[in-house]
Each structure stands twice: as C-alpha cells, then as structure tokens.
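Chains here go by letter, A, B and C, matching the order in which they are written, and residues are numbered from 1 within each.
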Amino acid sequence: MVRAEAAIFEGAASFEPTRPDVYGDAHPRDLLRAIHEEHDYLRALAHSHIASAAQFERPLLMQLFRLAAKYEANPERYGTPLKPLAGKLLISAFYEPSTRTRLSFESAWHRLGGDIMSITDRSTTGIAKGESLSDVAEMFNNYGDCVVLRDSRAESVMEMMNSLRIPIINAGNGCDEHPTQALADLYAIMKWRPDLLADKPENPIRIGIVGVPERMRTVRSLLTLLSRFSDAIEEVVVVHDGKQEPLFAPEQRENLMRDGLTISETSDLNGVLPTLDVVYINAIAWVKDSFEVMGEELKLDASSPLKSSAIVLHPLARGPELCTSLDNTPHNWYFAQARGAVFIRMALLTCMVQRTEMVMDIV
Amino acid sequence: MVRAEAAIFEGAASFEPTRPDVYGDAHPRDLLRAIHEEHDYLRALAHSHIASAAQFERPLLMQLFRLAAKYEANPERYGTPLKPLAGKLLISAFYEPSTRTRLSFESAWHRLGGDIMSITDRSTTGIAKGESLSDVAEMFNNYGDCVVLRDSRAESVMEMMNSLRIPIINAGNGCDEHPTQALADLYAIMKWRPDLLADKPENPIRIGIVGVPERMRTVRSLLTLLSRFSDAIEEVVVVHDGKQEPLFAPEQRENLMRDGLTISETSDLNGVLPTLDVVYINAIAWVKDSFEVMGEELKLDASSPLKSSAIVLHPLARGPELCTSLDNTPHNWYFAQARGAVFIRMALLTCMVQRTEMVMDIV
Amino acid sequence: MVRAEAAIFEGAASFEPTRPDVYGDAHPRDLLRAIHEEHDYLRALAHSHIASAAQFERPLLMQLFRLAAKYEANPERYGTPLKPLAGKLLISAFYEPSTRTRLSFESAWHRLGGDIMSITDRSTTGIAKGESLSDVAEMFNNYGDCVVLRDSRAESVMEMMNSLRIPIINAGNGCDEHPTQALADLYAIMKWRPDLLADKPENPIRIGIVGVPERMRTVRSLLTLLSRFSDAIEEVVVVHDGKQEPLFAPEQRENLMRDGLTISETSDLNGVLPTLDVVYINAIAWVKDSFEVMGEELKLDASSPLKSSAIVLHPLARGPELCTSLDNTPHNWYFAQARGAVFIRMALLTCMVQRTEMVMDIV
C-alpha cells in the first residue's frame, strides 16, 4: 500500500491552481460580444417549469448563453458579492444516484448566494410510504422556491409539475430528457465558435454524435437544441455500432429533420471522424435504476483520425469510450463543457426565481 | 411512456404561483390581532429542550402562535432580510426516514438565516460503532447550536438530553410524541377560529380524531395540546375501527379528562361527522423502523357527511384514508396546516436559540 | 417504554449551557501568549494539499495552534461576523461512514461563513459508474474551492491530488493517516502545557499511547507530529496487548527515533500509567469498509493508577476502553480535544483557501 507520507515526498502536496489554458476567459468574452442583451426573453421564463429541451427557442437560448458567459467571464463580480439568489431555497431532489449533476446545480445555486436542502435517498421520502407525487409537490410548494429533480421514472417530473407552484427543473428523467445538460453542450459549442450564432453562419459545422438517440436522454435533448441552430449545422452524423434497434424513437428523426437538421447515420467511426468539427460521445444509457453501456467498440483516443481543429464533447462520467490520451490535446473541450455547465445553470436558475433584474447590464 | 416534450405541448410548462385562496393572509392577521404580545413567555424557553407536548401551557402556546403568525403574515420582513438565526448552526438528525418533517425544519431554519448540517443515515454515525448517545450529545455540544432529532427508538431523545448543553427538539420519537406537529395542528385551528383563544369562548368546537391515541405519536401530542384549551372544546370524539386494543395508553384518557377534555369514542365515522367542526385523520403509526396502517376502513372523501363549515386536518403523508376529492373543497385545511408548520417551527426555533429580541415588536 | 412526558416531569427539560469548567478560556489564551504570530508560515500553505502529518514542521504547527487558539478564545469576533470563508464552497466527501469528523469539518467551515456540498454515500457517485478518481477530481475543480475526503481506500486521496487544482484535506484514508486528528491531539496537549513549546522545555513529558501504530491511522499521524516536538517529550511508551504483530510498520519506529523520539513498548498498562503525563488511547482500527477493535483488555477508568496531573486523550468514538467514570475527573481532556478540533480545523481551512489576511492581527 502506498502511504501518503511517501507520496508527499515525491512532491505531490502542491498544485497549480490554474491549468495551462491558452484562452483563459477569452471564450466567454467572445460570446458576450457576439450577443446583444435582450432581457425580455429571460423574463419570459418566470412561472415556467423546465422539463424538455423543446421549450427553448433560439432567442432564449442566446440570452441564456449570454448570461452564462457574463457569469463565467466575471465570477468575482456577479456571483458572491451580488448574491442574486439570497434568501432563495432550492430543493435538490436526486432520487436517481448522481454526484456530478447534483454538485453542478448545488454549486451554481450556492455561487449565487442561495441555500439548499438536499434529498439524495428516495427511500427516506414519503414516496416510500406511498405518498403521491402530487402531495410531494404540494409539500415542496411550502418549503422551497425551486426544485431540481432527477428520477429514474420518466413520468415523475410531469406528475409533480401539475401540482407545483414553484418552478421545477428536470435534471434527468429516466431515458427521456436532460435539458440542462444539452444547454451546457450547446454553450460549449457557442463559446468555441460564436460565429455560429449569426443568422446565416458562413462556416456551418458537421457534428458527430456517438450515441443512441432513442435511448440516451442527453442525446435526445441535445438533438432538440441543435435543431434550433440548424443553419449553423451542415449535418448531424449519428455513429452507432449497429446493435441498437431502433436508433431513433418514433418520429424523432422526422421531427428533427422538419426543424431543419440534416441527419445521417454510420457505423464507420474512423471513416467519418476526419469530416467532423464536433464529436459528441456518450456510452451510458439509464435503464430503470441502473444503466447500460452501449457502443462498446466505439472509442476515441489520441490516435483517432480527428480533424486538427475538431473538439470533443462528453457529458461525463466517461468510461473507456473516451480515452485519457485526449485530455491534454486541444480536442479536449469536455472539461470546459463541464466547467461551463455551472455557469449555464447559474443563468437558468437566476431566471427561474426571477432575479434577472439584479444581474442585467446597467447602461 | 409519456415524454416530457409531449407534456410541454399540452401546456404543462407554466404554473400559477399562488393557489386560488380566498383568504390570502387574512388568517394569520386575525390571529395576530387576537393575541397581545408578551415576550416573557418566549424568553422562558431559553435553556429548554422540547421533548413532549406536555411542556406547553396555554400562555406560551399563544405567544408561539402569535410569533408564527407574525412570520406568516410578513414573510418578507421577518425572514430573510432580518436573519435572526445568522451564525447559528442546526444539527438536523433524522435517524428515522423522513422528508416532510426534515424539510419543514430545514426550511424554517434557512428562512431565518441559519446554516445546517444534516444526518440522514443512522448507519453512518458513531452509533453504528457502538458509541453511546451521551457521547453523541457531547459531540453535538461542540459542533452546533441546536439539534432536531427523529428516531424510531423512543428513548434516544431523553438519553441525549441528559448530556446536551444545546437545545434539542423531538421531531418524533418512536410512537411516543411529535410535539411540533401538534403545535402546527393547533396553530391551524387557531388561525381558522381565533375566537377560540378567548378565556371563555362562546362557541366551543367538537373535534373528531380518526386515529389511535395509544399508538400514534401525532395524536398523543395533539391531545395534550388540546387539553390546554379545554374551554374551547366541547368534546373530543376518537373514531376507531374497533380493532385497536387498547385505544389509549395507561392513564392517558384519565389525564386528559382531568385536564378538562371531554372524550368519547365511536366506530361510526359517518354517524358522528355531521356533528364535528374539526376532523383530524391519520392512518400511520410508526413501529420500530417501519410503519403500520391502522383503520383502513375509515376514510374521508367529498361524499363524507361533513358539516359545511367543518375543516379537515391531517399531519401528512396521507394514503387512501384522505381522498384527493376533498383537496379543492373549503374543508381542506391540511395543506394550510403543512404551510403553517414552517412558521410555527420558525417561531419555536427563534426562541430555542434565544434570538427573540430580534423579532419582537418595536413600540 | 419511558415516555417523554414522564421524563420532562423529572426535570429533564432544561440544561446548563456551560459545563462546570474551572479554566474557561484560560487555555487558548495561555497558548496565544506563548506564540508570536508569524504569518509567512501560514501563507506557505497556499496551493498545498494536506495528505500526511509529515507535511507539518514545528514552526507551521505553532502558527496553526496560535490561529486555532485565536478562534477558540474569541469565537464571537473571528467567526461569524467576519466570515473569512464567505463565498467559498467546500466539497465534503465522506465515502467511508463518519459523523464526528464530517460534522467537525462542516461546523468549522460554516463557522467561518462558507457553504458546503456533502457527499455521504459512495454508491451515488460516478465512482459507482466506474469513473476514475482523476475525473472526479476534475469535476471537483469546477464545483468547489476545497475538498475534504475520507475513504476506506488509502490510495484515493493521492490519486485525486494528481488532478486537483483546489486543495484537498485527507480526513482519513484507510489505515494510513488522519492528519487533522493529530493536529487536534497536539493542539490539546499544547493548550494544556504551553511551556512545551519552548525551544528547550524544562519539564518534558512522558506520553503513553494505547494503540497500534502499524494499524491505526490516528496513531500514525500523531507519532509523526509528536516527533516535531521531540525536545518536549522524554519518552513515548506504546502500550499493547501482545497480540498485534507487527506493532510498527516497516521503518516507522526507526524514522521516529531518527527524528528524536525515544520510544519504548510495554503490555503492562497499570505498571506504566503512574509514570505518564499524557495517556492517549484508541481501540478502533479501520479495515476496508469496516473496523476492528484492538486491545480489548486495555482499559482506563477512574480506578486506573493515573498520575494525579495526567490527562487522557481519545480521538473518539470510544467504546469500553475508556470508561465514563473518567468523564467528570480532571484527567478528562478528550472532550476538550474534540472541542478544540473544530478550531484547529478552522485554522487549517482558513489557510487552505488563502483567507488568512482577514484574520491576522491588526497592529
């Protein structure tokens, strides 16, 4: 067993607080400059629940990206001293196990000055006593100002919405949706290429999705948001291993194409990689209270024939499908994607509890 | 499976922040006007633990109701900006599963500006290592300013009290007591009918309790508090299904009658309902680490022969015994009861940590 | 079953907020006077992880004791109003069950005005999905400002350190180390006898350790810190039951002796007790996800032949090895040890997140 004392003497006790990062805060600043602030779209989120990526149209998405970029470019100014969520109470209900998404939301809420009550064990709740979700929602109405819910049961969030008088955000409902993850994915893409926000982008991108649209909630929500920027996307290529049947849910592909996306499929990952600007990969699909790994032969590593300027995204947690050999390459945007996820959630939460006035630009 | 996207398009994504409520904040204001503030009774709670409803005499109860009503009528003024519990640390120890009571206490503490450390899994504590509760109490003395404890083992709260030098509130000890729930029950009744606070109320009420006094901690504590207002209560009718034997604990009924309550029993729910002003119903009794459902045939629904002005109370979580068909009727005071529970806990907690000076009326 | 109502009427409902304590805050004040403040040593902790007691040299230890004593002697001034950790976010990750150490750290962080996100169930984390600790560390980089980690797997803290860009404190890694517990142990000893901080103490002490250095992380870390004050220690006597083989890890004893400690061993507890100034006792050693009790026949109680001025320390939780008959004797410094643990952790955490400027003396 390696002991801590030995590890310390090998110099492991100190760290660099900032990773080598050529761009620093350039990316959120570029995004800020690319979007004009229009507060009305954010105000429209008042009295709304967030259950599906389908609720987000392009103008609202751009305003959310702008607010997230404002938070990310100026963490010292807009977060803690200002405390836009001071006095607001979040009910963080993770009935399906999670640390990443839960900490991302809780960090976002704390950074804005709010307080949190966490539920991390489904068996401790009234639900275990047979209490209806409608009654659980009525209870939440009395105890908090906002709910974030993850549940392996897809209908739970819809059942609660019917009785809630405070906003709820779907943090993953079974294999259905994960709208805020898709917001984080698109926020990363737009920070990387703010020119894609133009009405008619001159250099649309080709996006590969290594995953299963029918089965993965992250992919479902992402495709919906991508369809809001169909002019920026030359093609979406879904890469699969041929074993998932069906690849799309009923009408899923037709609806996305009707919204303007061009979609193709392939099993030849290395064949299509040299043509892609963005490669999104995920291997986990939630099934009931557990998960399945899909597409085990589809892997990315430093030897993959990626375009030199291509970026790789992954919702994380990752397994063997995304090799650590890519971590220290410029393709690695999956860590930036995770970092930005806190800021995009800060932006969304600020709107949900109607505190946007506190953070809008003062002219 | 119903997908979120489909649900959204049926208009489920927005909500009304306030339920249709004819009375608004009229009820706490009526209660405020009915009670003269006398700070001394609240100060007397300093250096006290709250283990049993028997600790509350009528004058103290009235001052707690008044403070709760002040909080409920002016949430913006007395809660967050004032922060009476700023810098105070709550140890929220729920060794028996709960979400409702835990969130109610945690919400109350947060609303007053305090911080919280939660213990929700008995198996992670020193108790799992065989540590005595007296040592756990000594540990709590060093780490927090107040303890809230729920345990399936009835003696735990008493054992801890012996070594605690910070206040502890019993949030439910086995099938023994649940004093703060009873405070919430009575607070609801007095908001509904503040005239019952007069020395000699002109229109005393008849209260039905559908439950088992011997077995249900909520009923035990409630009966004790009702006995403090015996002049306001014409009769308490305990409604049971004939299968619970005994119905009362040794001397329980005699003690209540000695304190002035008139108590009768019946199995004929629908026969007695037309005579009752308040109907309190509960079906769950905690037994060790689990619970039993009692009185399964005793149910209330919209067809029950309730007096038109009667109100229904339930500590929640509810099951089939209280039908949702009553939710949208004026009989429904169980949701108001749950809402008020946060404010009565805010009042009690303010006293326990001796911050009442910060919220007393400034003349 | 004893009911709460009965217990209340036996006078159990009120408490004394302060234990009879002859010394009051004399001890931290004596320690404050004995050490001159030298801020540079504390600044040197910036960008450091705390994995092993071996990272602490004597000058740094003295400055940490001084800062802890400042907090302990003036809780009202340096804690809540000042809020040195305002806006800072702690990730409290206890993958191995604990309440005592977790609450001690969380209390310390809250007292300094920071916010906390807790992980208390290993099975809810990405680790359960096979996520690498290096990826978990990268996630933590984005969500918090400091990590406290306890894990039954000794290597976890070292693996995370490699990828963390925020500080991590080892709160117990398997049977390897528990550095902050040792800080608390030494802080207690130095409050009791500040004269031991002199360069050449005139009255060095004899310390007995009833425990197993090879197996107990608390003992391992303690011995390392004691070796920093070898001039203050005449001898360390390790008391064992003859059944633990080996008593020391490879080279452990040799290294400590090279650092200046004189170490002997015995199985005769009562024979050596009259010669000891400090008796440290512990019976629990963590083994994988559970624990073993060692040295069952070695017990201390009020009849033990302790020197009249001797003090007893125990990291707690305790079992039969430390009898409650010692609790109300002057030998009892184990409760003071636990109380001081919050203040020494406040001192360390203030340094880790680089907020020492806010609490240094203003001349």
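Simple rule for what comes next: a contact is a pair of C-beta atoms (placed from the backbone, for glycine too) under 8 Å apart; a residue touches a chain by one contact, two chains touch by 3 or more.
A quick map from chain label to UniProt name: A, B, C = Aspartate carbamoyltransferase.
Being a predicted model, the structure only gives us computed values, none of them experimental.
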| item | value |
| --- | --- |
| Cα superposition of chain B on its sequence copy chain C - rotation in ° rounded to nearest 5 | 120 |
| Copy pair chain A, chain B: interface residue numbering same or different (half cut) | different |
| For chain A paired with chain B, centre-to-centre distance based on mean C-alpha positions, whole Å | 40 |
| Junction residues of chain C, two or more chains touched | 118, 120-121 |
| Residues on chain C engaged by chain B in the complex (per definition of touch) | 1-5, 7-9, 12-19, 79-81, 94, 97-100, 103-104, 106-107, 110-111, 116, 118, 120-121, 284, 291, 316-319, 324, 335, 338-339, 341-342 |
| Chain A-facing residues of chain C, complex | 47-55, 86-87, 89, 91, 115, 117-121, 123-126, 128-132, 134-136, 138-144, 154-155, 157-158, 161-162, 164-167, 170, 173-174, 176-177, 224, 249 |
